[in-house]
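Before any comments, here is the structure.
Order of writing sets the labels: A, B, C, D, E, F, G and H. Residues in every chain begin at 1.
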Amino acid sequence: MNRNDLTSLLQAIHDGRTSIEEGIARLSQLPFEDVGVALIDHHRELRQGVPEIVLGERKSLEQLQTILKAMAAKGGNILVTRLSPENADQLCEDFPQADYDKDARTLTLIQQQIEENGKGTVLVVCAGTSDIPVAREAVITARMLGNRVVELVDVGVAGIHRLLAQGDKLRDAKVIIVVAGMEGALPSVIGGLVPVPVIAVPTSVGYGAAFGGIAALLGMLNSCASGVTVVNIDNGFGAAFAANRINQTGAS
Amino acid sequence: MNRNDLTSLLQAIHDGRTSIEEGIARLSQLPFEDVGVALIDHHRELRQGVPEIVLGERKSLEQLQTILKAMAAKGGNILVTRLSPENADQLCEDFPQADYDKDARTLTLIQQQIEENGKGTVLVVCAGTSDIPVAREAVITARMLGNRVVELVDVGVAGIHRLLAQGDKLRDAKVIIVVAGMEGALPSVIGGLVPVPVIAVPTSVGYGAAFGGIAALLGMLNSCASGVTVVNIDNGFGAAFAANRINQTGAS
Amino acid sequence: MNRNDLTSLLQAIHDGRTSIEEGIARLSQLPFEDVGVALIDHHRELRQGVPEIVLGERKSLEQLQTILKAMAAKGGNILVTRLSPENADQLCEDFPQADYDKDARTLTLIQQQIEENGKGTVLVVCAGTSDIPVAREAVITARMLGNRVVELVDVGVAGIHRLLAQGDKLRDAKVIIVVAGMEGALPSVIGGLVPVPVIAVPTSVGYGAAFGGIAALLGMLNSCASGVTVVNIDNGFGAAFAANRINQTGAS
Amino acid sequence: MNRNDLTSLLQAIHDGRTSIEEGIARLSQLPFEDVGVALIDHHRELRQGVPEIVLGERKSLEQLQTILKAMAAKGGNILVTRLSPENADQLCEDFPQADYDKDARTLTLIQQQIEENGKGTVLVVCAGTSDIPVAREAVITARMLGNRVVELVDVGVAGIHRLLAQGDKLRDAKVIIVVAGMEGALPSVIGGLVPVPVIAVPTSVGYGAAFGGIAALLGMLNSCASGVTVVNIDNGFGAAFAANRINQTGAS
Amino acid sequence: MNRNDLTSLLQAIHDGRTSIEEGIARLSQLPFEDVGVALIDHHRELRQGVPEIVLGERKSLEQLQTILKAMAAKGGNILVTRLSPENADQLCEDFPQADYDKDARTLTLIQQQIEENGKGTVLVVCAGTSDIPVAREAVITARMLGNRVVELVDVGVAGIHRLLAQGDKLRDAKVIIVVAGMEGALPSVIGGLVPVPVIAVPTSVGYGAAFGGIAALLGMLNSCASGVTVVNIDNGFGAAFAANRINQTGAS
Amino acid sequence: MNRNDLTSLLQAIHDGRTSIEEGIARLSQLPFEDVGVALIDHHRELRQGVPEIVLGERKSLEQLQTILKAMAAKGGNILVTRLSPENADQLCEDFPQADYDKDARTLTLIQQQIEENGKGTVLVVCAGTSDIPVAREAVITARMLGNRVVELVDVGVAGIHRLLAQGDKLRDAKVIIVVAGMEGALPSVIGGLVPVPVIAVPTSVGYGAAFGGIAALLGMLNSCASGVTVVNIDNGFGAAFAANRINQTGAS
Amino acid sequence: MNRNDLTSLLQAIHDGRTSIEEGIARLSQLPFEDVGVALIDHHRELRQGVPEIVLGERKSLEQLQTILKAMAAKGGNILVTRLSPENADQLCEDFPQADYDKDARTLTLIQQQIEENGKGTVLVVCAGTSDIPVAREAVITARMLGNRVVELVDVGVAGIHRLLAQGDKLRDAKVIIVVAGMEGALPSVIGGLVPVPVIAVPTSVGYGAAFGGIAALLGMLNSCASGVTVVNIDNGFGAAFAANRINQTGAS
Amino acid sequence: MNRNDLTSLLQAIHDGRTSIEEGIARLSQLPFEDVGVALIDHHRELRQGVPEIVLGERKSLEQLQTILKAMAAKGGNILVTRLSPENADQLCEDFPQADYDKDARTLTLIQQQIEENGKGTVLVVCAGTSDIPVAREAVITARMLGNRVVELVDVGVAGIHRLLAQGDKLRDAKVIIVVAGMEGALPSVIGGLVPVPVIAVPTSVGYGAAFGGIAALLGMLNSCASGVTVVNIDNGFGAAFAANRINQTGAS
């Protein structure tokens, strides 16, 4: 809308040819306001059952208490990620209905029933038992976001038959999150078995040349299975968020 | 072969309706065919319009000619990626209906109409003009896989208003592929604007501390927008393949 | 400006209490348009003497010819950076008044006298003769942007007396760009001698553990002289652009 | 001044043609004495209000007590950076008028009013709440050095509208320090919006492939906005010192 | 189940000697059991004296107690690697016959005599005294797997005569595991002296540019002695497991 | 000089048949000759059929011609690795019975029948067609060293059924060399399927975050299958040499 | 066994004074003893005043007590490096005449007067106060090895005049050890000022992109002053040992 | 010399108590003049037989011709390093008495007899034949600087007896330069055998995980032999320059 358009519009309002209501409607399309309202409302609005999400890391107990108190008062659901056990202990006292998962290091406070917002199942697969904490973060996040979630643990590539024996679960998933440390090979195998989206999560499990998850990360970025996508090391939360973006895609 | 099929087969052997030889023949197909049929048929079957895909890199002209000749004879569509201009010249002579894209370095041979297999639009966004080759590879791949594709170029974060002015395209996409080199910041901005899946493709565009795409790759893996997923550096093909996995998700 | 404000404004226009002109004025302050017009005009407007800048790298001769032709037609000045000698040869034929610097790999086309826009001198210091190409890119860019530039070459830290003998030039500069490869120590020494802004440019000069400029880059980022800032490896252009931002600061 | 000049000068002194005072004046211009006095006095002299700066890290409490006692006795202002809370507790007891900022980990002891030495405003922008400690170090340092400082927090690129809504602050700054972790994209966006100097500070905020700030550092070095300069990871102090160098530039 | 077995089964079904139900039962074991039985039985079966192996790292005391209790009940031998001293203390109380090696950080519980399963000697050589913990893990693992093991310590390359004086031990080994940190040169020297398999284990011993074992790892991967193979940093367990694979090779 | 030789020498001195001077002369050859004989004779002796090995890389044609001429004159077999096609062309003219493998870049000159020196089969498995050159180098080297070799190509983990269908070959091997680029996951899968030694060879196949084979190398070093050992990137020769060390182990 | 000894032995055999058996026995000691005596005696002999050196790191208190007790009994001098304060406390109780330097983390036990074994002075220069611990390790080691040592601290390149004011010390040194962290530029400046050997020691002082000393290490390896050599990060001991090798060079 | 001292001195000259000559003498000691004259004259003066050194890399033929012409006119000796064969061809035509070494890529022009300036022998040891070019650069440089040089080639650690057989040469050297690629282990072995200074030169020989010399560089920095110092990758020149610094040490 350039200056001429704007002049015409205001003239029409002035002349009464265009109603004020219609003027507002057209002006509300203006580039920026529009962006705020239309594109990014999913960030702000407080729809039923959609959680507020708080990164617990690098926040003091006092900060967390203040934030959670304010959020909880709104009556919505809350998910705190990467929360230390020490802070969790106190927060669980403050919010008795809150639930802390020691593996995932997440605190969930559910005040409203979670609406399932996707139409398919998110499968979270986990290569080894040491990868479980990251997988759990993904599971809990995906559920809080309204997804149906199935878990499958300890199906690493060194015992490939254990994975192959779970064909049903692989077949039934609409999105698969694959969590693996060390060489991070599992997403390649699964990506070759299924046609659905595969989100790979490298974990920092391993030692020496695992370099805190770099080996797994590189393995996943170089997957020989086409179309596997990757998130940051140990980022179960991000993988679940991505799975939710995908799962919602088919929902409408 | 499910339990019922197996019962019928054994019953027929028991009854003498099926010979032991034939029973062996059918059962010997079991172990991996079963895996093959159920889980990985999407890999093998030659559905109408689904292309055969060939990695052109590290293959000699002779190898490529042999492969394409055999594939073309089956009558399906073919996509060759990372093909050098020199090899492309000769192949385009051999297959006059083939089409080579100099930017994307892809050769496409379309012998059947491509069926749209997804129900939404794949938007391919590109930060700078130097990123276009990678974006083109994504566009061509996604189209060959049966997706409707829209392109949006030169909307880097240093001129953020150019991106924001394209709200419509962002809103209408079902999956967004974001291609960017240098600092790789564009997926973070877009991931914050839209709720749909965002697949980030780092490119090797840049010099010095760009380290051939590492800077962009790290930037994307650490995106502050939740749920952005990443593929390998310059991997437009992989991003399109992932977008196709997602787009198909909502198709059925 | 929320809905109520907007309604009031349009009502006032409708009622004739507010003129259309004033309505436009107020509406033009709306977040986005405003950004476009007010904040980023420095990007777009074609003030006298300010050059259009084109990155020559990764552009074909044809693309460059098209771009330069269009730009030249507007009558302004043009700076092409990272231009190959081959492309430069042809462009200099096309634009006889253009000038190509082989060291800097820049092409400049000056159609209007350059206005000096800063009020001080930009000093470009260069550790060794091998660093000259990057220093030249900085010098030419800074001049095209309207700065007075002084050069000082071959004053590396292994012969510290050569630098110290140039106290006058150091004292007279308002901004100093220091270009150095290998261990990249020169900015630390200069940063300790002068109170003005020092912009360090690591170069890819060196071999082995120089790692294409990483050694110099890290040296500069860890400078023991406080307040030295750094740009990308071999980024003489960026350093000059930063110097220009600074030099303009004191200009108004 | 060569041997002949020196001989002439001493002869003239000997003959009484040149006074001893004048001899001293001329000799004090000798190459490096001159450097010592003229160029680097800004390092040594104790101008009104300019703080002594102490790096608190790797110093024992005893060392710090000794240093601060000696400095405080001179009556000037003192800034201690990277000071542990434990050492700060004791130092605040020793120097009751000292002030410790827990976020910034700085101790300030103000014994003289700080003179504003720059003529513009330093804006310190911060991408996320986790980046606040580094931003605070920059804010406090810049103020101690005599700059007027404005802060702007939590305007990360994943919510770009929050930044764009702050056009006023961006427009009014003479120098902008941008503090960001994770992908470090904020300086690119701001560098594209404003014409003034932008100093980017990568932070170690993030995990996994953030690599303790490397991702942000690389992102900033490869900024697609021209003329953004960068300091070391978490180096809020250095950014403020650089901003002060710039801000002083226009002061005289 | 080979072709003969299958023929017999079908013949028995055909003849009515085996019921269809039983046939299904046996055939349903096929798909992966077949893989399982034929290829990977070495993983599962509980042969006399072959230990169960548990990775102690990242497991809680409770988890370890549960696992060991279940395993011990089967009567076989158990090896726990990378077990913290704290958890070891409690486990040694729970299982009084268990033995914890503080250097190797392994717990062994021997309930059956270990059968020697290889026909040669595994020699574990160790460059410096700081490498002993990794060497010990290799020694204990190799013994638990049924190998005869000889140790040779502190024969680093800086005192080459100490190694050369041990010609007998080198000559008598069938497989040699060489454990070394710092520059990791020992495997090259030994690989040049003997014709038998040499498995190199880099250790994280060293500081500074040892980079936690990377220097040693790279040294070993680039060994100028042909045919030296390498395992992960500090992976004494893996080296012993590889040595066992080799030693078993000649056993049958 | 063994014990018998030494006894003879001393007897001769004792008997006066050999002068003391001559005794000293012969004994002064002892120190390292002895080492040579006892420990490292496998390096020097020219047993029937064991090849001389020449690294073709970084040698000029003239150097290669001189070396091969001298070696060929001795009548043994010769293996030249990493030989450029240009040098190979000339050498094949000089030595008409020589054979150059374009994939493996090896030249072999067989003048004596190769004796099989191992008692088992070396299986060389290859993940993708691009990995074939490295696999071929391993195959040819292993054969030249006297091993029976079987090849298995294009069985990458993204199509796991193709590998599983080759159970026979895996079962029959005494040593397995697994060659893979990209994520390097194949050794983990194979290591989990078989009990025999597995030597992993990362290749430089891949692009972007494959980093010239680093991704595959790290994947293999972090294999979740116990006892997989690794050689340098693209080092098919070294893997075959290691396999030969192992295969010889069971030979005597 | 030198030539004379050998002549005597053979003469005795010749004369029948020594039996052939005994001759063989004595000669069989030759191979490595010889190496030991001739080449490496400097390692073993216990010359007056030359210290035994023990690496304190990664050794338990018990191990250290045992080692020191044994060594002390021989009456020589002892140097323990990288010793933790905790272990030092106990060892100083056990050996009351021992002296622990908290900065250098060295324990010295002097039981014999140290002989000066070099003919020149070792100068240890240190860039900043945080580098002092590493410098102290060098000073103490060099003194224990018998060198005259002079120290020069806090002469970093950001205040170059402080260094230049110490021309005397630089001129008088026969070997200079330069200890610096951060950008590690000091050795370049000093290497350009003096003709004597300069040994650079990078320290882990710094943060962020200092990467634990990598920045300083790379800076020193790429020094633009010719002939500067480098040791490992924080390796004050190694630098002193190297300086001693040099200083002894001129001693004889 | 502070102001008071200066005043006293000038007063004394004025009064005739101090002669002008003495005044000059004392003033010539002033801090930095002094540095220029006394400390760094070794850089500038043209003593008999000391070569001018030119880095041939990154210089055009024209630049080299100009430089050499000017230098040759002075009659001294000249050493050009890292000179391409193409430029060498022309320069050898221009300067017929010049000599180009193809391996070392050095051009030497000897117009005066080289004076031996050290009192000992520099031994240059080389691990493999591929390392010879770097070793040659060291040999030629050391000779041009006036040192007696002995070479020892192809004594890599995988054939340790070849090195040990050269005890004489090792024993006779006053300084040893050890050139090695791949794992870079040779300096550790030699450093353990001899008491004299050992300068290690990593080379870029190798492939894959050799990373262009990083593996060798790290190996050398982490040498388990105390007091080995290191120069940059492929820096034969620097090693020789360092050896010359050392060798001169004992000369006076």
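In the analysis below, a contact is a pair of C-beta atoms (placed from the backbone, for glycine too) under 8 Å apart; a residue touches a chain by one contact, two chains touch by 3 or more.
Everything quoted here is computed from the prediction, not taken from an experiment.
Participant: If you check the contacts of subunit E and subunit G, which chains show up for both?
Facilitator: F, H
Participant: Which whole number of Å gives the spacing of the CA centres of subunit C and subunit G?
Facilitator: Chain centres of subunit C and subunit G, defined by C-alpha means, are spaced 50 Å apart.
Participant: With chain centres defined as C-alpha means, what is the inter-centre distance between subunit A and subunit B in Å?
Facilitator: 24
Participant: When the C-alpha atoms of subunit C and subunit H are each averaged to a single point, how far apart are the two points in Å?
Facilitator: The computed centroid separation for subunit C versus subunit H comes out at 40 Å.
Participant: Which parts of subunit A, given as residue numbers and ranges, touch two or more other chains?
Facilitator: Correct list: 31-32, 35-36, 40, 43, 159, 164, 192-193, 208-210, 214, 217, 221-222, 226, 232-233.
Participant: What are the touching chain pairs in this one?
Facilitator: Taking the chains two at a time, the touching pairs are A-B, A-C, A-D, A-E, A-F, B-C, B-D, B-E, B-F, C-D, C-G, C-H, D-G, D-H, E-F, E-G, E-H, F-G, F-H, G-H.
Participant: Flag every residue of subunit A that touches subunit F in the complex, lowest number first.
Facilitator: For this pair, the touching residues of subunit A are 127-128, 156-160, 164, 182-185, 188-189, 191-193, 206, 208-211, 214-216, 218-226.
Participant: Can you tell me which positions in subunit A touch subunit E when the two form their complex?
Facilitator: 129-130, 159, 161, 164-165, 205, 207-210
Participant: With touch defined as at the start, can you tell me which subunit G residues reach subunit H in the complex?
Facilitator: 35, 38-40, 42-43, 53, 120, 161, 164-165, 167, 170-171, 174-175, 192-199, 217, 221-222, 226-233, 237-251
Participant: Under the definition above, what is the set of subunit C residues touching subunit B in their complex?
Facilitator: 32, 35-36, 40, 43, 55, 57-59, 202, 204, 212-214, 217, 232-235
Participant: Please give the residue numbers of subunit B that touch subunit E in the complex, ascending.
Facilitator: Touching subunit E: residues 3, 6-7, 10-11, 13-14, 16, 20, 23-24, 27-28, 30-32, 34-35 of subunit B.
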